[in-house]
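The same subunit A turns up in both complexes below, where it pairs with subunit B and then with subunit C.
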Partner chain A sequence: MSTPAIDIQAVHKSFRRHQVLRGMTLQVERGQTFAFLGRNGAGKTTTIQLLLGLLNRDEGAIRVLGHDPENEPLEVRAKVGYLAEDQTMYGWMKCGDILRFMAPFYPTWDHDLALKYAKDFEVPLQTKIKHLSKGQNVRLGLVLALAHRPELVILDDPALGLDPIMRKQFNRDLITHLQGEGRTVFYSSHLLYEVEPVADEVAILKEGRIVRRSETEALRRDVKQIILGRQAAGLLQEKSTVLDFRPDGDDVALTVAGVGIALELLHRDGVEHRVVDLDLDEIFEAYVTGKSHGWETAEDQPVAIET
Partner chain B sequence: MFSNQQQRPMRTIYHSLLWKEWHEHKWKLAMLVLVTVLLSLLFWRGEPQMLPVAVTTLLFGYSVLAGLFLGMQTAAGERGRGTMPFLQTLPVSVRKPAAIKVLMAWVTAFVPVLLVVGLAYAYLSSYNSDSATLTAMADSSVPQVVLDTWGRQNWLLGTGLSGILCVTSLLIWMAAAGVNRSDEIRAGAIGFLIMASVWVFIGILGYWAEEWKSSSLDHTVRVMMSAAAGGPSIGGGNRGPRESYLPFVAAAVLSHGCVMAWFLVSFGRHAVRPARTRGGRGKIGRIDWLGPPRKSQLTAIIWKQVSETGPLAVVAAAAILAMTSLAFWFDSGSQSRGSYAELLAGIALSVGFLVTVVAGMGVFLEDVKPKIGIFRRSRPVNVTMWFVVKYCTGLMVLAITFGALFLLAFLMPNGQRLLSSEYAGEQVAAIALVFLLVYTLSMACYCLGRQPIFAAVTAISVFFLGVYTVDFLIFRSLPADMRLFGALAVMVVAQVALTALAWLAVRNNWGWNIE
Partner chain C sequence: MLLRIEKGSAVPISRQIIGQIAMLCASGKLQPSQRLPSVRELARELAVNQNTILRVYERLVSDGLLEMRHGQGTFVAQSAKSNSRTVHRERLIEELRQLARQALSLGLTTEQIHDLLAQALDQLHKQATTAEASS
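Now for the complex of A and B:
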């Protein structure tokens, strides 16, 4: 059995007194497109900097493609293609120049492939980088991240700031050139609809911890909204994981993880209810901003029915 | 289609890095060569007796400025333009790019020195001048320390080598002391403070050596001077008659080796930290003298500019006082308060020139950067008010700082001698006007070029070329009674033109974004 592309075990990272990662554990299998989701400031970029050996962890263990990035950062970076959020490159270089410039840094650099990608992604080689549009800049960054045939590609909010058409185009390129070749992609984002079409698996990061990790389809099947009477809501409070609670007139809308068990309970007790499918955006929102605690004591607290 | 050249990748990492650094330094090199050669030709004006003073002044002035400015860019250039994260993620130790960066900066600094010396040598050879006359002239213009070290006959070689040692030392020290700062100006301020602190420390030891009459401490202090920023240029000049060169050379090599190693180890070793949440820590003990929220746009802009120029002015004032005290302790022939006042005024004037150049660039340092520029321009702020208030506030901060230093010098015993000349009023006015012009020139250069090092080099070059032009056109061509008026008219015209140029650049977002 091959080692995971990324293996993070109980990693802690603080900046002075500000704790960013709190015992984060995560594995990404090879060949997967893995969406790493979290709000701004959740610790996504810090995690990526740890993966690339740009930061050192306080505690825990990290392996990237079998290497410890803290001790072997150059080996990791040689095998990883990285595209940073809002990446700034040398503005005075032409696109063709930066491809030539980058070549000797990577033992596996394939310049013909770089030129092919540049053509496919419509990167103007004769244009200076400072004159590129936002979309062209991102696509050039992608060419640079892919031209050495990396085993793992790390994308840190790459489509940030692109318009919807550009984002779709970017994802299409991603699917064509990465998933088609069976590479591992670690895609960090806070835009769910962006990663939804491409991700095999998602992990949601909140306050330095992974609060949910699942295959995309399984997550969608597992997390749903159940609308039911206020008095019946207490039943779910005890027996399943409520991520979010919203009063809706005499009813309440509960976003529940492990919906199978919840529905079983409701059927068993004959509680009238309605189930609403959620998209990944809504599921993400429930995990990171949902009121999973405290609603029990609210004034309009649902009363548990006796069974 | 792609050209053949584009289809060929570069061969090695060093090839790539040298190509990159060469590209980033080539225009600086061209400009420095042009300016130094032009200035040296203008200064000695074909008169051989002017050669020693012209070469010495030019080389030492150039070495200090080039060392500091190229060091600032080496330290913070990558971070300043936002490309450090890109460099960090390359699969190569950042020590390699750092080493190539220092090497290319050094070549850029070195070549103009070589050219000036070569030019002077060629001129001397072609002129067949009387070497005794030239040696006599060198005696009066070349620093004693150079003559003592290299001999009177070798004054040109000695001046050139001292210049190279000076520029190399300052470059390495500034690069290390300012490493990883967020921009060149901050790197310069921190670097200058650290270098000055080292000299102050040596000065204090020197003071104790003299007080305690300790010859061993005195020897140690003189050896330590070779190790400090710019110290190697003193060479063996501070060596006693029977002392070996070895400790001085060893101290210089060891300290600069360590400083260089520190730079190589530290370069790029930082990461963007997550934004801190606003907590009590930032608020406790902080004097918010305008009181939040700002009452008006005017106070807000003043607050911003004072926050930007103020620290630089405070650091400069502290460094000037420290340097004055240091020079006073070391100069045994100036043991009077009056001398201290003269030293303070002299050092404030010379360091003030450099600080004014940096402060001028700092007025719009952040404002014309693309991202911040868009932020500023998208706010409902009157651009003329923005420009005028920032310009005047920066100027006022400098005027108050240097005014206080000059006042201090004046109030010291015998300080009144500073203004004893018949034309003291005119001299003060002329100095103030020159500083105003340098401030405006530097600001205009930065607004148009948007690159601090280019702006500094351009401003200093234009200033000296301007001085020569005024000298040639006004003081050599006009009748005596018209000269003052002529010089004043030129300065006023230049001041108005430069202010207008800078204002147009800020208002219309003009600029080249030189890289």
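Now for the complex of A and C:
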């Protein structure tokens, strides 16, 4: 079991002249709950569709549970449970009908398990799909994704459109039914505060590449904001990674990755400074929209951030 | 055992849980030999990653607040109350340091800060005595 669940090597993907993935590399170990983060349009859904063989890559290599989704899509789909973003299902079918409809597509489909999940997730089997609420719809999709006992579950923004109570319930389902059973879960999201309690690791996608991958709590220990005098700030520029800066009069607030080394330097030189802990949203923001250059000469007003 | 996770807080989730369990041990709400929920149960209840809960329990075991009995589960240690004081002391010192820093940046003198703390303590004592008198 030494092969990773997901192995993406230097993958490129363009749609006409629009480059979405630019040499993306990422491995996900088996048994992990892995959150895949990025802004809208960063390439999360494209990556997921490549993993399932729904799209073909332009360059690079992909292995999912040891199979190439481009050449062996059936092997991949037999072992992977997939919930698409905004999954649409036949509205005229009753929930119970779609479970029976899906069963023959999967050699390992376990119908008793499907019914058990439907009960656990409170999916009303007698109701037509078009009458389901958004939350029920996601949970029905999850039942369909899990009933063939997949080794790997890929969820494309499952929390999208769920209210806070449904999201908590969904996280609970994920922890009990997936983490608890040792499966690998790969899911995309942009609700960081929802991801934080649940994920073992996160990866941040920006401009078609992974810019950071880390255990959730390690990331928070590693990335912090340091507020110090502008003159002293040059010291950090050389020795550590500055993700973002906010000038403030004679001071500057730097968001720094590798904060341990940075603080050692400041202590060694006796530079006065203040450290601010950041939450995951702020860290994410620093990675995806941070300005790392030009702060030495920047005016007091921070540069407007592109949206 | 009632725990509350604050999402999006600058305090990591594991530290939040550690702090709250230590608090329950210190206040005696968790009594020695009391059994804690299993890793799986607590993970489900709080909707928090099982590995996070496992790390929290392991940390609290090494701090002497909890003990794991093989095959039986996780229990509050005999000396949890006194050990939790050490954990809390460290946190309290850090919080006092931050308060002191804020007070200094507001331009208060050391004496004024001492006075404010004395006043706060005074108020608490008064509240405690009135509560006793009325009961």
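As a working rule, the second predicted complex is superposed on the first by the 293 of 307 C-alpha atoms of A that agree within 3 Å, B and C clash if a C-alpha of one lies under 4 Å from a C-alpha of the other, contacts with A are read in each partner's own complex, and residues count from 1 in each chain.
One rule holds in what follows: contacts are C-beta pairs under 8 Å (C-beta built on N, C-alpha and C of every residue); 3 or more make two chains touch, one makes a residue touch a chain.
No experiment lies behind these values; they were computed from the predicted model shown.
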Exercise for the section: Classify the contacts of A:Leu278 with the two partner chains as first (subunit B alone), second (subunit C alone), both, or neither. Expected result: second
Exercise for the section: Identify the partner contact of A:Glu217: answer first if only subunit B is touched, second if only subunit C is, both if each is, neither if none is. Expected result: second
Handout entry: subunit B versus subunit C as contact partner of A:Ala61, first or second or both or neither
Key = neither
Exercise for the section: Tell me which of subunit B and subunit C touches more residues of subunit A. Expected result: B
Practice task
Using the superposition on chain A described above, determine whether A:Thr33 touches subunit B (first), subunit C (second), both, or neither.
Solution key: second
Problem - Touching partner for A:Arg172 - first (subunit B), second (subunit C), both, neither - result: second
Exercise for the section: Using the touch definition from the top, say if A:Val198 reaches subunit B (first), subunit C (second), both or neither. Expected result: second
Handout entry: Residues on subunit A engaged by subunit C in the complex (per definition of touch)
Key = 33, 168, 171-172, 175-176, 179-180, 192-194, 196-200, 217, 220-221, 276-281
Completion exercise
Within the complex, subunit A is touched by subunit C residues 5, 7-14, 40, 43-44, 46-52
Problem - Residue ranges of subunit B in contact with subunit A within the complex - result: 2-3, 6-13, 15-16, 19-20, 23-24, 81-83, 85-86, 88-93, 271-277, 513, 515
Completion exercise
Residue set of subunit A touching subunit B in the complex reads 15, 18, 20, 41, 43, 45-46, 49, 52, 54-55, 74-78, 82, 84, 87-93, 96, 99-106, 109, 111, 115, 125, 130
